[in-house]
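Next come two complexes, and both contain chain A; in the first it sits with chain B, in the second with chain C.
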Partner chain A sequence: MTVLTRNNVVLSGNPGAPAMVFAHGFGCDQSMWRFVAPAFESTHRVVLFDHVGAGGSDLSAYAPQRYGSLDGYAQDVVQILEALELGPAVFVGHSVSAMIGALAAAQRPDLFDRLVLVGPSPRYIDDEGYRGGFSAAEIDELLETMDDNYLGWSAFIAPVIMGNPGRPELGEELTNSFCRTDPAIARRFARTTFLSDNRADLARVTTPALVLQCREDVIAPPEVGRYVHEHLATSELVLLDAVGHCPNLSAPDQVIDAISAYLSHVAARS
Partner chain B sequence: MSPPGRSEAWDVAPVALLRLDEDGTIVDANRVLLEWVGRDAQEVLAGVRLSQLLSVGGRIYWETHLAPLLHMQGRVDEVAVELRGAGGRLPVLLSAVARTLDDDRRIVDVALSKATERSRYERELLAARTAAERSTDRLRALQATTAALSQGVGADGVARALVETALARLGASSAAVWVTAEDGTLVRRATAGSGWGGVEGATVPPDEPWAHGLHTQAHVLTTDPGEAVQVHASGVVVVALGAPAAPQGTLVLVPRADEADEPLDVGVLTAVGLQAGLALERARMFDQKASVAHELQIALLTTNLPPDDRFTVITEYRPGVQALEVGGDWYDAFLLDDDVLAVAVGDVVGRGLHAATAMGQLRSAVRAVAGPGVGPAELVTRLDRFVGQAGVGFMATLAYAEIDLTTGRVRYACAGHLPPLRFAAGGTHEFLWEGRSTPLGVHSVRVEATFDLDPQDLLMLYTDGLVERRGRPLLDGLEDLATAGAALRESSVSALVSGLLTHAGDERDDVCVLVVSWSPPDRP
Partner chain C sequence: MTVLTRNNVVLSGNPGAPAMVFAHGFGCDQSMWRFVAPAFESTHRVVLFDHVGAGGSDLSAYAPQRYGSLDGYAQDVVQILEALELGPAVFVGHSVSAMIGALAAAQRPDLFDRLVLVGPSPRYIDDEGYRGGFSAAEIDELLETMDDNYLGWSAFIAPVIMGNPGRPELGEELTNSFCRTDPAIARRFARTTFLSDNRADLARVTTPALVLQCREDVIAPPEVGRYVHEHLATSELVLLDAVGHCPNLSAPDQVIDAISAYLSHVAARS
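Take a look at the complex of A and B:
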């Protein structure tokens, strides 16, 4: 089992060009980038992968200890970049993967050229002088919902356990469709994600970064995006005219334009 | 032409119906939905997003799973979520289809159906599945523990197996086993993980942080004697090994601090404690038996030679690897009369106490039938008779030699035994292949041979455990022995044996070696 099969790494695009790595967030897999990644195939070596526990990754590689903190996921990113030997990469991370990329870049700046953080949040729970978007009670409710209550969460295995005699193909289709996640791992990943507090790590990141923020996002509200922008050493903030947490799906053109513009003017300046 | 009543159906359908714009904002909702969430149309249609009507879990799920899926595959079916209803959370099943209208607007049509009954049923299924998974996990942990404990040899082996299992299977970050000694004190026998100071064999040091607040009762560390598993205020878990009233010892566990880990399972720990108690009890009996066998063997191997300038005899015995498997190897050296030294090395077939007692009888028989003027061939003939009459030592092998201390002349016989090895002072060696006949009890004509020792020669008798290795021809083993023996004068017999046994592995048999040298008496 190599790192590349463990994380279901898929390469495409221009083999001689600089690397661009896309990391999916909580809840889905690399198919989250299907509307965005192809736009960079002519200019970059495009790298897609699944976090362990998601999509086509090796589920048996999931170790609760290792993945009990975002550091474990950051280690995986470092290992993937080391294994590919493509030189310093542009890392595009969505949602929790924005912070995973930041942690990896803080640890191994030599592997990263630029960071693009889509809907980043260093802490989801409100704190004194900080608004993360969720109260501690709400996250507790979420985790309790996930831990104790089958309903309200693990919808994708619902057809399997409930049975659906009328349409047996439905369960099959859903479980084999996009956003495949192992429910037990998803529960742990949610815990790791929503209880993390990586605010202090932002200052350790020296890699220049672009923060992409939707104007309305219940998971990572605009003030959180601004917080990330203000606490990174070198960053630019672009507010997208989009609603929701997944502009890479709901407004892919805006995301592509913002990344292209950032990469070209940063390149021109340097 | 629409069938009559179709427009009312929107409001009176048995499901809640909504239409969302591309962002997920509600642009239309039927009366059923308004009733379920306890709000009026004005409120709901004023820019509220569907995800805002869901519980936190549902909200995050919508944003991270459902909205992406609607973008990617255009529909989701029968997803279980919870509405924040007027009277608390309301479980519903959500189905949604995304489509593009004639005016190019992209919209999402959603239907929610009540799933209260279904969710109750599902919760029961889930509870049953969780219970089944839990008991499977418990069984696995217990099986692993039992398997590990059964591998442990002796009390130390059991203790080591237990701490290793605690880390691998029972959710501990570190663990220690304390075993009750004969005098009632607790002695530490094994640790795993960090944070344990001191060394194995220590008695309970009262200043260890985990020991704070624990009482050292006569037999066990405890917060509450009689409880099999106790969780101490510091988080340390103390498990009695064996019956809580009279335990064999104590397992001290520090649970892993990781949030993602399952908590320690008291039921499993109780069962592990009982298992380990039994294993320790067995181990104690084993240790006792093993030490009886070894003491017996060492007693049987004692030689009492008077100090004499004319010869030196050096012996070495190494037990086999398996502690209880006492072998049947022996050596002996005694004076036949004032001027003749007899030396013998033998090997009884089999292992264990039976072989050890047979070895003792045969060794005594050698002394009994030996005597001035008997000689090696006749001695072996008499031993054949003893083996036949006593029914002891059939197929045993023996190398026996009589050394005339005045002249250095050696008479020897080998009954099925490996040849004695002679190292000459000049550095050459010679295997003595003459005087050979069958093992004891197998009647044949017994023969003997003669040679002369030079002063400073070394004569070595040994058992097959020294040279026989699985997968290596015996002659190679003999050659290795001869090569290693060349250094014998500069080192010791003990070092020679250790060197030859270095690569013997786990299957090692026991080993006997006897080395004799002779010096001519000073002429007056």
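Take a look at the complex of A and C:
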């Protein structure tokens, strides 16, 4: 089975243009980019994929040990870019995939032209002199509740993550997406995600990055976005006038505009 | 039937001390103050009550016209304070009850010593030069979803309002509280609340006020708390290091400390 089948890689857009890879976050799949990716099909070769264990990926490829750390997912991203041979790509990662992309870029800078990190967090748990937004006890409770009743947990937390109480269909979509995910895999991915600490890895990233931060986000609060911006060698921070953790669904136009502006002035400079 | 029965008024604390009245928000009842009110029982005569249509109030007293505007609820607060004859009170109102208290104080300043407004909003819908946090379309959708399926709506929105994804029991409690509310009354109260515009009334309030604002709140965002602070004649704004719309449940110690500090330095000045 090829890497491209394993990760359900789907190509669209301009075949001759530079590659733009979109990576989805926890409990989601490539469809979470449907409002954003099409905007770049004229200027880029658009690459969508599902992490192993999500969407149309090959569930049989899920290996608890490989995917017990974000490095396993980063390896997959590297393998996808190697297999595609499209040259240095713009990597757009949402939520946990922002750090997955950062890890991949730190390891193989030659494969990455730019990073776009949407709601990144290098560590969700507060620490000495660092605010991640959650106490260790809160993350423990989050994971326990998830173990007790995955569907109930999904129905509870997905809308909270989405925010935007005035647009309940957004929370519903995320809830359904969570519920479509294999519970056993989701539990493991949640542990891998929420217990990760990749703060030290930020310094290893040399690829220029755009950090997109929502002004209100219960998963990755603004101070976390600032932390990522300040600890990357070369980055720009854009605070979106959007609430919730999924601007790719709740405020796609702002995400598109911010990415386009970043890529165009980056191009203008070089 | 007396006013005190109608509103399920419960007295505790120091009989000789000044009165401190706690008013609950939409979909809640006086139990929402259980982590905060006891802290003031030694220094105040603590007054808890349920709005008509909530908790242990007399549901038969619910009159759509009277309670079709926040003034009806403000009248009840005035009647409660008149009936108790405890002198000018410290009024602590959460969410919509913050504006209810402001309306009552504007009408009868003689009954109010201080106002404590927890997560107040004079208008939830954005307007020319004003950000309430919701578009008209979002509020419409919120109310429609509520009409279609009240229990589903409650289960969806209560956790979003509560925030604190790491402490799911908080969202669960609010969900259960919403679900205990009579759906017909809840729908009307939601309309009265979310379609209200009491911005002009703020200027009529002469009672000194403390505005308690959470740093992240999907119902009453920080700019709304600032707006209330700036449009009251005499007020202090305290930004709580808390997330969600219900710090009385999620961060009671911060609420207690902020109120105590306010009352003590107010006392020191006078």
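By our rule, the second predicted complex is superposed on the first by the 239 of 270 C-alpha atoms of A that agree within 3 Å, B and C clash if a C-alpha of one lies under 4 Å from a C-alpha of the other, contacts with A are read in each partner's own complex, and residues count from 1 in each chain.
Just so it is clear, a residue touches a chain if its C-beta (ideal position, glycine included) is under 8 Å from a C-beta of that chain, and two chains touch if they have at least 3 such contacts.
Here the structure is a predicted model, which means the values were calculated and not measured.
Look at the residues of chain A and decide whether chain B or chain C touches more of them.
With both complexes superposed on chain A, more residues of chain A are touched by B.
Once chain A of both complexes is superposed, is A:243 in touch with chain B (first), chain C (second), both, or neither?
both
Now for A:34: first (chain B), second (chain C), both, or neither, which partner does it touch?
After superposition on chain A, A:34 lies in contact with chain B alone.
May I ask you to decide whether A:138 touches chain B, chain C, both, or neither, giving the answer as first, second, both or neither?
Touch partners of A:138: chain B and chain C.
Considering only touches as defined above, state whether A:221 meets chain B (first), chain C (second), both or neither.
After superposition on chain A, A:221 lies in contact with chain C alone.
Which chain A residues contact chain B in one complex and chain C in the other?
Residues 134, 138-139, 141-142, 145, 153, 155-156, 159, 161-162, 164, 216, 218-219, 243, which sit in both footprints.
Within their complex, state which residues of chain B touch chain A.
On the chain B side, the touching residues are 22-25, 49, 51-52, 55-61, 63-65, 67-69, 71-73, 77-82, 89, 91, 115, 118-119, 122-123, 125-126, 129, 256, 258-261.
Which residues of chain A touch chain B in their complex?
Of all residues in chain A, those touching chain B are 25-28, 31-32, 34, 64-65, 67-68, 95, 134, 138-139, 141-142, 145-146, 149-156, 158-159, 161-162, 164, 170, 174, 177-179, 188, 190-192, 195, 216-219, 243-246, 249-250.
Inside the complex, what are the residues of chain C that reach chain A?
134-135, 137-139, 141-142, 145, 153, 155-157, 159-169, 171-172, 216, 218-219, 221, 243
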